[in-house]
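Only one structure is covered here, and it is reproduced in the block below.
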Amino acid sequence: MPINYYLFLSLALFTIGMVGVLTRRNAIIIFMCIELMLNAVNLLLVAFSKMHHLKNLALNASVGTDGQLFVFFIMVVAAAEVSVGLAIIVMMYRNIHSVDIQFLNRLKH
Amino acid sequence: MNVTPYIFWFLSVWALFSALMMVTSRNPVYSVLWLISTFFAISGHYILLNAQFLAVVNIIVYAGAIMVLFLFVIMLMNLNKETEPQKNRWLKLVGALAGGCLLLVLVAALKDAELKSQQAMVGAGSIGLIKVLGKELFTRYVVPFEISSLLFLSAMVGAAVIGKKEITHQNS
Amino acid sequence: MNLLLLAAFWGVLMMFISLSGRSHATIRLIAQVGMGLLFLSTLAEMQGFLIYDLKAAEMFAMDRYGLVMLSVLSGCGFLYFLLSGRDMANVGSDYSEYFSLIFFIFCGFVLVLSFTSLLMLFLGIEIVTIPLYILTGSDKRNLKSNEASLKYFLLGAFSTGLMLMGIALIYGARGTFSTMEVVGASGIPTRLLLGGLFLMFFSLAFKVSAAPFHFWTPDVYDGAPTVFTSFMATLVKVAAFAGFLRLFDHAFGSLKTTWQIWAGAVAVLTLIIGNITAVYQQSVKRLLAYSSIAQAGFMMLGLYGLGDGAREGMVLYAASYSLATIAIFSVLTRMNDYTIEGFNGLAKKDPWIAGILAVCLLSLAGIPLTAGFLAKFYMLQAALSAKYGLVVVVIAVLMAAVSVYYYFRVLQAMYFRAAEEGAQFPAFSTGFKRVLTLIAILILVLGIQPGLLLHYLYF
Amino acid sequence: MFSFPNIAYFIPLLPLLGFLVNGLGRKHLSKGAIAWIGSGVLALAFAASLVVFLNLPSGGPTLLNAFDFIRIGELRIPFAFQLDALSSLFLLIITGIGFLIHVYSSAYMHEESAEHYGRYFAYLNLFIFSMLLLVMGANYVIMFIGWEGVGLCSYLLIGYWFRKPAYTQAANKAFVMNRVGDLAFLIAIFWLIARTGSVNFVDLPAALSSLSSSDITWITMLLFVGATGKSAQIPLYTWLPDAMAGPTPVSALIHAATMVTAGIYMIARSNLLYTAAPLTLNVIAVIGIATALLAASIAIRQNDIKKVLAYSTVSQLGFMFLAIGAGAYGAAVFHVMTHAFFKALLFLGSGSVIHAMSGEQDIRRMGGLKKVLPITYFTFLIGCIAIAGIPPFSGFFSKDAILLSAFLKSPILYGVALFTALLTAFYMFRMFFLTFGGTFRGTDEQKHHLHESPLAMTLPLMVLAVLSVIGGWVGIPELFLHGGERLIEFLSPVIPVVEGHAISHSTEYLLMGLSTGLVLSVIFFAWTRYRQYRSEESSAPFARLLENKWYVDELYQTAIVQPLHRFGGWLRSFFEPKIVDGLIQGVGRSIRYISQQIRLLQSGQTGNYALWMVISIVVILSIQFFVRK
Amino acid sequence: MIALLLFLVPLIGGLLTFLPNKSGMARSLALGSALLSLAGVIAGLTLFKQPLYWEFDAEWLQTLGSRFSLKGDAMGMLMSLLTSIGVLLAVLGSWNNDVQGSNRFYGLLLWMQAGMMVVFLASDALLFYFGWELALIPAYFLCSIWGGEKRIAVTFKFFIYTFVGSVLMLIGLIYLQSLTPNHSFQMQAFRNLEIPESKQVWLFWLFFLAFAIKVPVFPFHTWQPDTYEQSPTTVTMLLSGVMVKMGLVAMIRWMLPILGIGVFIWSDVVICLSVIGILYASLIAIRQDDLKRLIAYSSIAHMGLTVAALFSLSGFSNNSNVVLQYHQVGFQGILLQLFSHGINILGMWLLADRIERRFGTRKLSELGGLARTAPTFTIFFLLIAFANIALPLTNAFPGEFLQFNALFHAQSPYRFVFLVLAGLGVILSAIYTLNMVRRIFFGETNQATENGLRLSTAECLALSLVVGLILVFGVYPQAVLDFTNDFSREYVKAIDITRFLAK
């Protein structure tokens, strides 16, 4: 497949996630949008890894593994982040019984 | 006759549609479900790209563990209703516009990039296989792998700190 | 690398100590000893002593610069523990966990200072930030702390997304994550590479709270428990800057002409927004938050005028800024009233503390004979040589003058105004004062003879 | 040391010594001692001046170089004294008359407490010292030092009774007006330095060649402006009448021996330059005659005995400048000398009158003093005759010389000058008759106290009266006595004599006779009019104009002083705080305002923060990729 | 060595003074330090005159290209003499003031002295900058702690104002350093630079603003009257007697020889500003009722003349000795005036301080008649007031005389206008000074001034010193002129821009 297709697809997903972050008020959904952004990145990385693999196959058979491993690490980090993030959201919810970020306005100016 | 493009298009449309639905759904539970659907589509892409290991991990970790965690939290908070009040319309519009602009800018900037003639290897290649990746992971990437354990440790401690009920009386 | 191992070990140790139910004093002592060891081990590494030689050159490699920076960080961390260790107990009940998290953050510092692969940069930054989300929210009963934590988390994760997209684009362009190879000798940047570069630039600018990506800073610094704000605003920011510099120096150095102007623009914007917004603040804590943005603007000048001078300046800036801010925060933590008026008449009540605070404030304002001046001096010198340097520098110094305005408001409150009726000042212990005095002396010594620190960069 | 020329050092040093002793020791010395010291140093200085005068070599000047005042590379301004005919003559006048005034003062000021008495004598000595510096200075800078010094001393002495605000105001006015002239003087000096690199008088002849004619015109004009300040000419004369605030002997000192003659002296010193600047001479002549006429006209309607004398001084100085303008420097100096005699006499005489009248100065309240104050009356009469210009009194000769030179220059000038001379005779005798003639018009108490002054006061009067009579005999016109113009001859090393009268003897006789006859008739007219006092409450506008001194003071007040004052006030209370400082403060305030606004960006909304970030990214990226080349 | 000592004595003296808590002790220590540095200067001016003794050079901040080098040229020596005298007078003048926390007060005072010494003696730009700020910070604290009612806002304005100026200068210094071949901050290296005109045009302003604010030159002066009014008079003495001279010394040393072309280009503008400043300040002074503000404005006017004179030295001589000679004449006047004005204004503040402390007011309208009740004081005041209006035989006269001369020789088409307008300042100065004298000393006494005022021994001593200096240098200014002769001759050659035009 032309790599551009993957690029545009990923960017589209990435932007959709970003728009979600910008427009939603629910902290959990915002968080999910961020996860979507990460996934877009993952897809792109895999596509690129396969692209480089294809390009440099003759020189080195293992070209491209970096990209896929990076994706693996992103998933790892994402998992850690989710655990912390959800903990924070839950803590927040325990205190104000809402996850609406618009109510997060004690700190301003 | 190669079916790969059709699969690609199908998966792409699926992913985009689910993502859009995820962002626009009023009900958080639906959002979660749509996200999971997106993840599946992406996993499909992985398989298309012959990255089986990641496809599996994606399903297990993301769609399986993480999203379940989300769902769990949402259920816990009893947010499964369309509770979210409308955000300021203007802000929404501006947000969407800004996102759209960004997409436009990025696409416009990168479309003529050197990638024009490049192809991603589809349906072939062995690098995505567990065997290859596992070997790499435990040789060249062993240090980062170990270090990511630190990340988990700190996340664990953190979750404990945050999650633990304060011993003293709670008051806001 | 000594520090990485030791910090990881000590982090785990602190984690388990909480289970053993030791008293606060013991926990604190162990933490302080640990941090002292970190500092010593860094010094030892500078002399060539390694506990264990981690051979992973394609992932990270410690150099002289990183070591000096690391010793500054761990040294400041040690002083920070000495000054504020006690105050962490007031945040919540997970006393030793806080220390544990901070030790883990130090592991992240090592990665950020020594990465040779973008993967390690990513991991490093995450190891630094994830515990910070926790620390920010550690005052669980306090809604402000909750709010700060959530904001920080959401925006932080968002910026991580940007960074990852940047890394992905770079990978797409070059097929590698190694900082040595991402640009290569070709020199002519492809658009893909540039796109990646810029996305990384944005995300790192976010981490160092440079405008217009600074919005989280005041809220988070204000909301976080003051002891941790102190840590975040100093060491973390400095480390992030070091990473920023390292990335753009090692990986994108040959593309300097492309990004330099933007670094300059961001620096100017940061200086203007940070300084001007600080003018109106009433709370010292929030004021310091804006001031940290302003100081970040100055550090951005180091990126803008990247070169030997800027690297030296960054070390000096790291030391002077961290020392002064830690000292001020350590006093602020114990104050009853965080507003500027709360400092009224402090000089009468406690001239020693006031004097030290004055030195710190003067250093932050960049008055000569303090380390802050020379740090700014290096930055200006570096920036002046860059394209459009003069304009940038003029704006920078004008903003420095604005910064004098708000730093001196605190000074005025302490020295020239009388305390309000019934105002209570905390009592400061002798040990606390001694450490503060040490900090003040360090600031002055560095301000007169910076070579004492900087010559480590070369020998 | 005590021989010529070194003895000249003592001439200024003695008064300086007197100043220091009296000034510092005023609390510890008795009044007698103070008077003796004050007058004594002057007597010695006079003696020294006499030695100098008598030993003066006939050739060029004698220079005494004390030390270098300023020396930078080629520019040398030595602290040096120059002794020649002109300066030695002035030395004699200054020390001589100064001495007499000191003696007079010792009695006149006797009612002051010892401390103030000491202060007074110290000032007087300082005054003499400054004037001596002025006269002896061998270059313009040293002259300027003395020049400003007399200004200072006049300030101190006019404001001697400092408790009266009006007096101190007058002192300030005197100083400031003098300063205006001084500035011009200074600029002239700079000009000289710039063009010739020297300010020494001895270098002037050589310097003339290196000066362009416009340079000379400018320099002489500026010097003349300086002179108008010191010598009370239009437009800077108004301080002199006000200077009557000081004790009367001081007025005598200022008007006769020192200060006002400085301008004449300075121009006489620079006569080489002036001769080369005909334009300036014309201006001087016009200003001189105008001042003479103006002041004389004002004097007609003044009732304060000292004011009349003051305006008469201004008028006489105008005559002197007229002479200068006509190129007759010698005549001007001659008139300085005779004027010194009779004006000192008149002032001291008026002092005696005031003393007798217990401080009353209004001639309308006097009258009939002839009987009580015989000596004063007699000497005063001599003074009046001298100033009116009746032969063979001194005033006649000098005034005649001036009128003659004016006639030579232009008949119109002569006509105006003659008219002014008649006015002079008129107002002097008006004052004289009002004061001494008729019957006493003061209060009974004053009448009770009337007495002739003590010897210390009358003796100087007598000496001066004698001088007023014979003082003119050093300048008897060629007409009467061949070689009679001894003074002009004496001054010729300094002031070259212009050869050749372009006037016949008959014309000269005619002019003399005309002036003398007219003066006598005017005196007769004054006698008829003021033999008996008549109230002069005339409401004629012209009379009121004269009474109010042509409203010149008021004009200055509204045209210069008030606007400046108001402008200063406006600057102080509006421009400075609101505009200049306001701009600075405005910067601060606007930063605060911007701060207040900009912090609102920090809305606290996470979504907004992210939005700002995204917008910034879009902007930066689009500029980077689509705009930047 | 002398140069180093002059810096170290007050620095260490200040440190020592900080320690004791008894006020008498601090006072004596400060006096000791002041005397010691005065003795040092005098020894340096007489016994150890050779440059060798006045130079000091040591490694410092090598990486930045800066060295710790002090070098006392004739101007430096003269200014250090003034500084030492100033501090001595300040200590003497405040001897009976009963300052609260006098150890801090005198400690800061001495530190300020140390800073000023560095400014006057430094031959390294960065060191100079350090001194510049070292002098400022203690001054800020002194004014803000011991000042009048509005001290905080006012001294803050002062501080920020000067700070803005000084950081701009810092940019200039860094820029110049980057131009030097071996990245050095040494004065000589700066002077050897040949900076193109296009750069000098703007570099000029970076320096000029800093110095103009310090001097101050209209319209950058508004901090000054406020600060002088609000500061404790002891500090004001040093501020106006010595510190404002820093601006001029800096112009002389760091601008004219380095940015000759820039200075020449802008000299008309600067002279114009200065002349406006003279008239402006004088007019305001005429309408001042506050003694301290009046003196402050008078100081602005006087300094305006000096700045005008200084900038009229700029230009090209085409190597004509005559022009150089005139420039030297003017420059000598400036040096002389730097010293003289310092002395005079020190005396003026001593007197103003005495009045304020005795009667609790600075308003001229509330004073009067002191000539009768306090004759000795009056004499001192009159003498110093006359020096203030540059009466001949006071020390200010030769200085002003030569300065006007410089103005007359400016290479500007407007020089005559400048000269006349600046000359009007002479007249106006007489007006406001005499007005002040009249309102304080003459007229009738009121309740406050009825009882007069007595001078203490220390004050008499201080005032006698001032008056002595006024008269000695008024009669024999050549003493100073001889001293600075060689320096000024070399200097005018150094600032001559003919050599640039030749290229």
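Note that the chains take the letters A, B, C, D and E in the order they are written out, and that residue 1 is the start of every chain.
Quick note on the criterion: contacts are C-beta pairs under 8 Å (C-beta built on N, C-alpha and C of every residue); 3 or more make two chains touch, one makes a residue touch a chain.
Bear in mind the structure is a predicted one, so any value in this text is a computation, not a measurement.
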{"item": "Graph distance between chain A and chain D, where chains that touch are linked", "value": "1"}
{"item": "Contact network partition after chain D is left out of the picture", "value": "one piece"}
{"item": "Neighbouring chains common to chain A and chain B, by label", "value": "C, D"}
{"item": "Per Cα centroids, the chain farthest from chain D", "value": "B"}
{"item": "Chain nearest the overall C-alpha centroid of the shown protein atoms", "value": "E"}
{"item": "Chain centre separation in whole Å, for chain C relative to chain A (CA means)", "value": "27"}
{"item": "Distance from the mean Cα position of chain E to that of chain D, given in whole angstrom", "value": "37"}
{"item": "Approximate Å spacing (C-alpha centroids) for the pair chain B, chain C", "value": "31"}
{"item": "Where chain B and chain E are represented by their mean Cα positions, the distance between them in whole Å", "value": "71"}
{"item": "Of all residues in chain E, the ones touching two or more other chains", "value": "160"}
{"item": "Residues within chain A bordering two or more other chains", "value": "3, 7, 17-18, 21-23, 25, 30-31, 48-49, 51, 55, 63-64, 69, 73, 77, 80-81, 84, 88-89, 91, 95-96, 101-102, 104, 106-108"}
{"item": "Chain C, residues touching no fewer than two other chains", "value": "119, 123, 126, 130, 133-134, 137, 140-141, 143, 150-151, 154, 158, 169, 172, 191, 195, 218-219, 405"}
{"item": "Chain pairs in mutual contact under the definition given at the outset", "value": "A-B, A-C, A-D, B-C, B-D, C-D, C-E, D-E"}
{"item": "Chain D contact footprint on chain A (complex, rising order)", "value": "18, 21-23, 25, 30, 101-102, 104-109"}
{"item": "Contact footprint of chain B on chain D as seen in their complex", "value": "607-608, 611, 614-615, 617-618, 621-622, 625-626"}
{"item": "In the complex, chain B residues that touch chain A", "value": "4-5, 8, 12, 15-16, 19-20, 22-23, 28, 31-32, 35, 38-39, 42, 45-46, 49-51, 53-54, 57-58, 61-62, 65-66, 69-70, 73-74, 76-77, 79, 84-85, 87, 91-92, 94-96, 98-100, 102-103, 106-107, 110-111, 115-116, 118-122, 125-128, 132-133, 136-137, 141, 144, 148, 151-152, 154-156, 158-159, 162-163, 172"}
{"item": "Residue numbers on chain C that touch chain A, as the complex places them", "value": "119, 122-123, 126, 130, 133-134, 137, 140-141, 143-144, 146-151, 153-154, 157-158, 160-161, 164-165, 167-169, 171-172, 175-177, 218-220, 222-223"}
{"item": "Interfacial residue positions of chain D with respect to chain A in the complex", "value": "599-600, 602-607, 610-611, 614"}
